[in-house]
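To keep things simple, chains are lettered A, B and C as they appear, and every chain counts its residues starting from 1.
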Amino acid sequence: MEIFFQQVVSGLATGGIYGSVALALVMIYQATDVVNYAQGEMAMFSTYIAWTLINAGVPYWWAFFGTLVISFVGGVLLERVIIRPVESAPILTIVIVCIGLLVILNSVAGWIYSYIQKPFPSPFPPKPIMLGTVVFGAHDLGAIGVTLVVLALLYAFFRFTTLGLAMRAAAQNPVSSRLCGIRVGWMLAIGWGLAAMVGAVAGMMVAPIVFLDPNMMAGILIYAFASATLGGFTSPGGAVVGGLIVGVIENLVGTYVHFIGTELKLTVALALILIVLVFKPSGLFGRATIHRV
Amino acid sequence: MALLEARGLQAQYGWTKVLHGIDFAVEEGGITTILGANGAGKTTTLRAVCGMVRTAGEIRFAGQRINGRATEDLVRLGIGHAPEGRGTFVNLTVEENLRLGAYARRGGGSVAQDLERVYGYFPVLAERKKQAGGTLSGGEQQMLAVARALMLRPRLLLLDEPSLGLAPLVVREILRIVRTINREERVSVLLVEQNAAVALGLADRAYLMETGRVVMSGPASELRQNDAIRRAYLGY
Amino acid sequence: MTPRARAVGVAAALAVALVLPLFVSNFRLFQFTQVGVYAIALLGLNVLTGYNGQISLGHGAFYALGAYTTAIMIDRWDVPYPLTIIAAGVLCLVAGFLFGIPALRLEGLYLALATFALALAIPQILKYFEHWTGGSQGIVLSKPNAPWGLKLSPDQWLYFVTLGVLVALFVLARNLLAGRTGRAIVAIRDNPIAAQAMGVNTALYKSLTFGVSAAYTGVAGGLSALVIAFVAPDAFNVFLSITLLVGIVIGGLASISGALFGALFIQFVPNWAQDISKAAPWAIYGVFLILFMYVMPRGIAGALRLALARAGRRGTGTRA
């Protein structure tokens, strides 16, 4: 039973990370109808920036927030420069451009930082924490905490600020938004910036667990896809819940279903995506999309 | 002095020219209506005013030339637009819809006060303020569109066929409120309508458009007396 | 382009391909064989993505399935290699058709996502079935010798085998795409609802296209196993699928000749770029992907066609 609880909690920790990346995907998808295949690589790149800062002697939390600012600016620039010219192009074009971005970020990271794995520090103490008779890693609990704080901040931002409201409006009805004086293009760019920030948090939380290397987010991205698909690509809250569920499922399946173990982890995500897409394409919390002909 | 004035205004979608050089004006504090059947170019005229189509010719607002300026900037000059189809943010609440109207507002004062002000004009919106915009009836959504435009504290209010698809009683109610706003807040109004009876009752100046051209213009009272207009648009 | 110009172009390309082994080293020839293999795979992907509009980011999976089919059949059961290539094609046809059925319910973005997940998962799956696939070690094969006492090295022989398969499959694809079937496939891409309304069995065509596309890519995978004489899971990672995507984008979406240009690109450009840095080929791929989408969305084939059309117009202009 203790193993079970431990697996659930560490599942929630990684699930929170999947959920964050899924949330970043959903934010961009809702605003622009783009599934950002480069989301994982953006997070990876942000984490390298944090690593550079920390290695230069910047204290952890300064590096953390500095990275968030840099990521935000980077995300805004990517949207303005790379995505904007193809905003209204066919899906295939946008997918290809995102894949191009993925490849560039991945290889530039490899170019600058090499493909050798690097340890990445955790801001939380290395000693385990006892809750009752069950032992938890401090980093696991800390990652859950950080993820929840990020989500709460984002929720408050979208729910209570004028800018957040304007961003939701721009995603929903660009024409009306312009008539209200909202600069829709910039709202989309800010959306990319925020998504880049959320991804950066996820990257910095996961790097102490998986080590930092240019390919570290590939597996996480597929789980984030599974999370967003499960929760529904139209539901930000759903993406997070989906992430938590997927994280827990992943851990429990890995522990208890022996023929899968950890060797077929990615296949579990693939199967999950296919099952959800075939049986409930809108996900658990999403709206069915209506298409005009 | 005219608040809004168009001279030789042309507009086109792609290669198709829709407005072939029209002249019209809205006086400061006045209500101007543009009448015409479907496809006459009324909605395009409003879009031209807010920079949503490519134009040639000249449009002046409060003395400045505004051709080619971005919609978002024109809103900041004080041009509020209740668009064709009402433009409701269907998944946002009524109150959020209204707050968006105040997004680009000039001047000080709290948004809360303005909300009270428009709720005063449209009490039904106050009752529905927590409801999603998409759940409102057609008439309520039209009120929401006007109220959203009012949140801007506009100098000029553009109304695109507010009567479309609504019961006569609702139309009368909405236009009564428009008149009140015009008188009490000195908001100038440019109203495009197919329903000539209600529009001529409200406006002080009127234009009649056919296929992208102004074919008749004058004080609303004169057009109301015109035999051709009576036969074609008023039906008596 | 006039049909005559096209025929001249094709004949010239074939002539060059036939005499090429006389002039280049064995290693170069091996590279050109790879170009042929890639061209087959790209043609398969292009039928699906370029012509039919179904986005696959996971065609590396079918390439892998084809390669392992060939490798396992030769390694385990000593099956003659021509049969294994056919088997690779047939197996991928079935697998693609089956994958195409759930894929039918997925719209563009979701299909791209599902296939992307497939691409990411495939190396793990290959390692998992270690008993068959040899796990991370992979399977080593030996290159077949030329039959009938032909005086050709194994590399030369494989070059001609690949060339033969390539020509046969290109002719097949051309005939398929030029006719009724081709029009239906393209109609589904351009306007699925109208196509359905005109009586095109959209579901069947889409799954069949998926099957045929996978079969082409599977044959290419099978040939690659022979040519390289080695298969290992990490060669079939997600970047293989992306390489194939790069190939059709650069070569030209919805273009048969584009598959050749794309194959030349993905075979040779990384080699040159490798001299700069290990990471450079991918950076260059990425930049090319994005630039092509901005300025040459119809790829090299499209740009060539445009240039030839312009030259043709100018030519007739001066004569008149």
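One rule holds in what follows: a residue touches a chain if its C-beta (ideal position, glycine included) is under 8 Å from a C-beta of that chain, and two chains touch if they have at least 3 such contacts.
Given the structure is predicted, the values throughout are model-derived calculations rather than measurements.
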| item | value |
| --- | --- |
| Chain contact graph, described as a line, ring, star, complete graph or other shape | line |
| Distance-to-centre winner among chains (Cα means, whole assembly as reference) | A |
| Interchain centroid distance [CA atoms averaged], chain A/chain C, Å | 33 |
| Euclidean distance of C-alpha centroids - chain B vs chain C, Å | 57 |
| Chain centre separation in whole Å, for chain B relative to chain A (CA means) | 43 |
| Partner chain C, residues of chain A touching it in the complex | 33, 35, 37, 82, 85-86, 89, 91-93, 95-97, 99-108, 110-111, 115, 218-219, 221-222, 225-226, 229, 263-267, 269-270, 273-274, 277-278, 281, 293 |
| Chain A-facing residues of chain B, complex | 50, 52, 71-72, 75-76, 81, 83, 87-92, 96, 99-101, 103-104, 148, 152 |
| Chain C residues within the chain A interface of the complex | 49, 53, 55, 57, 102, 105-106, 108-110, 112-114, 116-118, 120-121, 124-125, 127-128, 193, 238-239, 242, 245, 249, 253, 277-283, 285-290, 293-294, 297 |
| Residues of chain A that touch chain B when the two form their complex | 162, 165-166, 168-169, 172-173, 175-183 |
